[in-house]
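Chain IDs A, B and C follow the sequence of writing; residue 1 opens each chain.
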Amino acid sequence: MFAPSIQPSPTGDAMHEFCAGLYPICRSLTGNGVRETLARVAERIPLDLHEVPTGTRVLDWTIPREWNVQDAAVIDASGRRVIDFRESNLHLVGYSVPVRTTLSLAELRPHLHSLPEQPRVIPYRTSYYTESWGFCLRHDRLVTLAEGDYEVRIDTTLTDGSLTYGEWVLPGASTDEVLISCHICHPSLANDNLSGIAVATFLGAALARAPRALSYRILFVPGTIGSITWLARNEASLGNVRHGVVLTCVGDPGRPTYKKSRRGNAEVDRAFVHVLSRKGREHAIVDFSPWGYDERQYGSPGFDLPVGCLMRTPHGQFAEYHTSADDLDFIRPQALADSLAVCLDAFEILEGNRCYCNTAPKGEPQLGRRGLYDPVGGKPHPPGRQLALLWTLNLSDTRHSLLDIAERSGLDFAAIRAAADDLLRVGLLAPA
Amino acid sequence: MFAPSIQPSPTGDAMHEFCAGLYPICRSLTGNGVRETLARVAERIPLDLHEVPTGTRVLDWTIPREWNVQDAAVIDASGRRVIDFRESNLHLVGYSVPVRTTLSLAELRPHLHSLPEQPRVIPYRTSYYTESWGFCLRHDRLVTLAEGDYEVRIDTTLTDGSLTYGEWVLPGASTDEVLISCHICHPSLANDNLSGIAVATFLGAALARAPRALSYRILFVPGTIGSITWLARNEASLGNVRHGVVLTCVGDPGRPTYKKSRRGNAEVDRAFVHVLSRKGREHAIVDFSPWGYDERQYGSPGFDLPVGCLMRTPHGQFAEYHTSADDLDFIRPQALADSLAVCLDAFEILEGNRCYCNTAPKGEPQLGRRGLYDPVGGKPHPPGRQLALLWTLNLSDTRHSLLDIAERSGLDFAAIRAAADDLLRVGLLAPA
Amino acid sequence: MFAPSIQPSPTGDAMHEFCAGLYPICRSLTGNGVRETLARVAERIPLDLHEVPTGTRVLDWTIPREWNVQDAAVIDASGRRVIDFRESNLHLVGYSVPVRTTLSLAELRPHLHSLPEQPRVIPYRTSYYTESWGFCLRHDRLVTLAEGDYEVRIDTTLTDGSLTYGEWVLPGASTDEVLISCHICHPSLANDNLSGIAVATFLGAALARAPRALSYRILFVPGTIGSITWLARNEASLGNVRHGVVLTCVGDPGRPTYKKSRRGNAEVDRAFVHVLSRKGREHAIVDFSPWGYDERQYGSPGFDLPVGCLMRTPHGQFAEYHTSADDLDFIRPQALADSLAVCLDAFEILEGNRCYCNTAPKGEPQLGRRGLYDPVGGKPHPPGRQLALLWTLNLSDTRHSLLDIAERSGLDFAAIRAAADDLLRVGLLAPA
């Protein structure tokens, strides 16, 4: 599965370890599991925490009641906890209301979710916006449940409280910003989306270490309602969002997949496509669709923000998706590190991409007397650097960006960027 | 040859029977055969009959004299009718002038048309606009003609009369209209074009049974001169023609073929392409060319009407074309019924295609509280209906039509249309 | 290698003979070899000779000193000329400064250029803009050089003089002009670029024999500095250059290759693509890149002239490139003649391409009464001429040129042009 370029990496190991620390926490749309998760992130990068009260209107939605779980189990007549929240937080359907009752197996049955075709894994199910309760369990366990009465004990609270999300802005030279968003609402599922949380956290740390032409905003939000809440509270400043990416399922061993923004050819789309195409290895580029993660909200027609989504194997296309098999073994240090690197490479393009103007546009300027041309003529192939210089000069007519030039020439953005830097130094390029 | 979706159909049988009734009639550009054909059509749908006198100027053309045939034969010395119009009306070259003469075989020979490579069929030939005469015959018969004198007897009349065509307008809620046109000038040839006449007639009957957003105009015209006549007489109201299709060779067992209008991406083109592509079976889409049937006239540069052409095997690409082998066995009830269905499906798109505006365009609206979203979350794949709702919301920004949305999402137009109806009902869409 | 369409041709033989006469001359950027070459061209076509003095500023460059060679050799201790300019002018690095010295083999070695992977050929190297000297030799000779002292004798002059180029303008009905450019600065290399010189010369002779709608300007210039010089001196009239082609490596037996202008879809690009595509044989079309010959200068962003480049096997893609193997055997009479024919065919398109207006645009005009339509109807396939007439009428709406029509119809430009001429004659077309 791994492409050869994905090598063991200390950063990958650190990210995987970070995921391992987050794995046992029971997260949901709201509640203390989210707060504990954000506290772990805040140990690594500064984080502003926002609490938005239950009942607050956010766009077409309303902040729901806060949900917390003390305990949940189904207990058989012998007192055995046959389905036990303490064993796996996936056993309880998310947002289950409190219940204390005793039911026959037949009465209990409609509340039980299993996957007959994957009998050894626990599915992940929620009921956020409909008052309900239920349990998820391995199908091979379900079929062993004997007839008889079962005690149902769901000690949850659904109370007025708040929705919690985290945010960090790294200011750059420009107020133009790159939005990085990941969802934090899934319980013990590793690829979906501890992987995204880890990559976002480590991206923040890496970006903080260098000067930035652009500002970066990293959001840790519960899915759907979280991005909607952030959008509702920041509508006035959305014009600053020039590029963005949602990080989800970025730790599995599959090839990287970039899903384009709704616009389809935004600069961020072209940057990720360039990075993935140039790496000389398997990858996938897919078009926007309104099914997926928070790119759905950023890409709703009233906002239409240029926000794509980086994944490895897309959600719903791996058997482990939304089951207990999406565990710490399913995500790999090398994959996490590679996803981080892809983002940093793409951001490098966004940082450096701009249009220039060739100051000697009539004919080629004489590069030789500026030390930029091979003094011996006649060789059949130009050195790559020379070709990058010629392409950059030829297309720097104020209308082509460096990324345009890289795409048209088939050369790496980095090579074109280096050529532009050389040409700026000798005065043959000027900012457009 | 038949795709599995083409099933036996009572409608197809009725259409084939209708063709069988029309088959023996000797049609041409003008004359009583045309009138008799239109009378048969008028037994099924109301038809306005138009008679345009010989000599009338129509665009660059002039209505020719009316041609009628009493009898025609070549008779050998023994009195045997060796080529006999009564046996097949294809034996006489269309628009042959009256002749009574006796010729040697050598003198007769230049007037005889046969197909050496298809020796057992009679070709179909005409000489509409050049005064001439001739006979068509099987090549295997031609080669048996003995030396000697032959009596030529062509009892035709070419007199001032009129050109006849039929027209029916089915008014709809809008004056915007769909033009349906078929040619009625071919003698005993079944696919070309009794099939078109039958599909047009049955389309009229089907359209009359339901409310219509659009108006429909069905034309039964002799080829070229007929559409030119109609265009000349209706120039002032051509602006109403928003979509159109010429029906020709729509009964043979080959795959359906849609030839695009001159515009190439008119709404009617996209509707037929969508229907044929979604049927999951073989079909062909071909570009406009100025060779074919009356789409040549509708698509002349001075009109440039958005009129495509539905065929099965295109004219000139089946061996039976313009020969006596294009008979009632060559056309199939199922093919006729399928052509009818393709048209009705495409018209359904034209009826329902429009742009809407998402009334809650910022973020996704909360579909769950409107009963439009699965209450249990976490499943790997969205129900198709949910996907149609999300696509329709995401792209309903006043600029994308439902057909645009169907094309971009890869979903059926019908599914998108149903989603739009649901969203209109709950107030999440409004007409753009 | 040869496509069957490339036949023996007297013209090809004459071109090859012309190349043979030029082959021994030692050409460079400047000097008497260039003058002698232009004198040979001037025996066949009238040529204006330009001398531009050393030190003249031309765009970003300066005309270099003039270089001439009297003799050059490396002489071993026994007095043998082990590397000898008289044997091949490729032995001396172009623009080598005068040298009289004696060196050990180790000291000499950095000045010697060979090709270890092609040990039996002499490479071609230059040092135009850096003061330097060197020799090129077969690698199998290099390895036989014994230790010891070598006398280096380079009797060259680098003096104030001038850069020489030739130019011929053939006026046409319009001042719009076609620029034909070839480089004349390579010594004994046949394909690169005696072939280009020969094709340009014979093109001039051929164009002079017929009336011309367009003007033609043929340039014989040293590479890079020559085109830059011409551009600098003719900046005010560059607006007349409507089409152009650089001729280089047009004599080898490979398939013809057309490299598009920087614009990518200029009329000249479309003309050459049409000609090569219609010939029904192997060819290649490549996109513009700023590596190659003088199209780099014509296509610099400050000029952006629509100038493509005709080659056979592109420079750097044949093993003989820039070596002594690019000799008179490597170029073929048939290839030279074919390159000439391709240019003439493309120019024929440029001469005749324009937009017309159908004067009877509503419906098809009745071609039959104008003698332009087959009087017998019903045949399955239209004669090609008829199809050309119909396409020309259908698309002559003032917006489609004859080349547009040829491309869209898939017919030859010549057929469309003939149809347009017929239609003009009967008044059905008028100039747009």
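Keep in mind that, in the parts below, contacts are C-beta pairs under 8 Å (C-beta built on N, C-alpha and C of every residue); 3 or more make two chains touch, one makes a residue touch a chain.
Please read these numbers as outputs of a predicted model, since none were measured by experiment.
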What rotation angle takes the CA atoms of subunit A onto those of subunit B? Round to the nearest 5 degrees. 120
Quick check on subunit B against subunit C: do more than half of the interface residue numbers occur in both copies, making it same, or fewer, making it different? different
Between subunit B and subunit C, what distance separates the C-alpha centroids? Give it in angstrom. 53
Note the residues in subunit C that touch 2 or more other chains, in rising order. none
In the complex with subunit A, residue positions of subunit B that touch it: 358, 360-366, 368-369, 375-382, 387, 390-391, 393-397, 409
Subunit C touches which residues of subunit B in the complex? 59-61, 93-94, 113, 123-130, 132, 224, 227-228, 231-232, 235, 262, 289-291, 296-297, 299-304, 315-316, 321-322
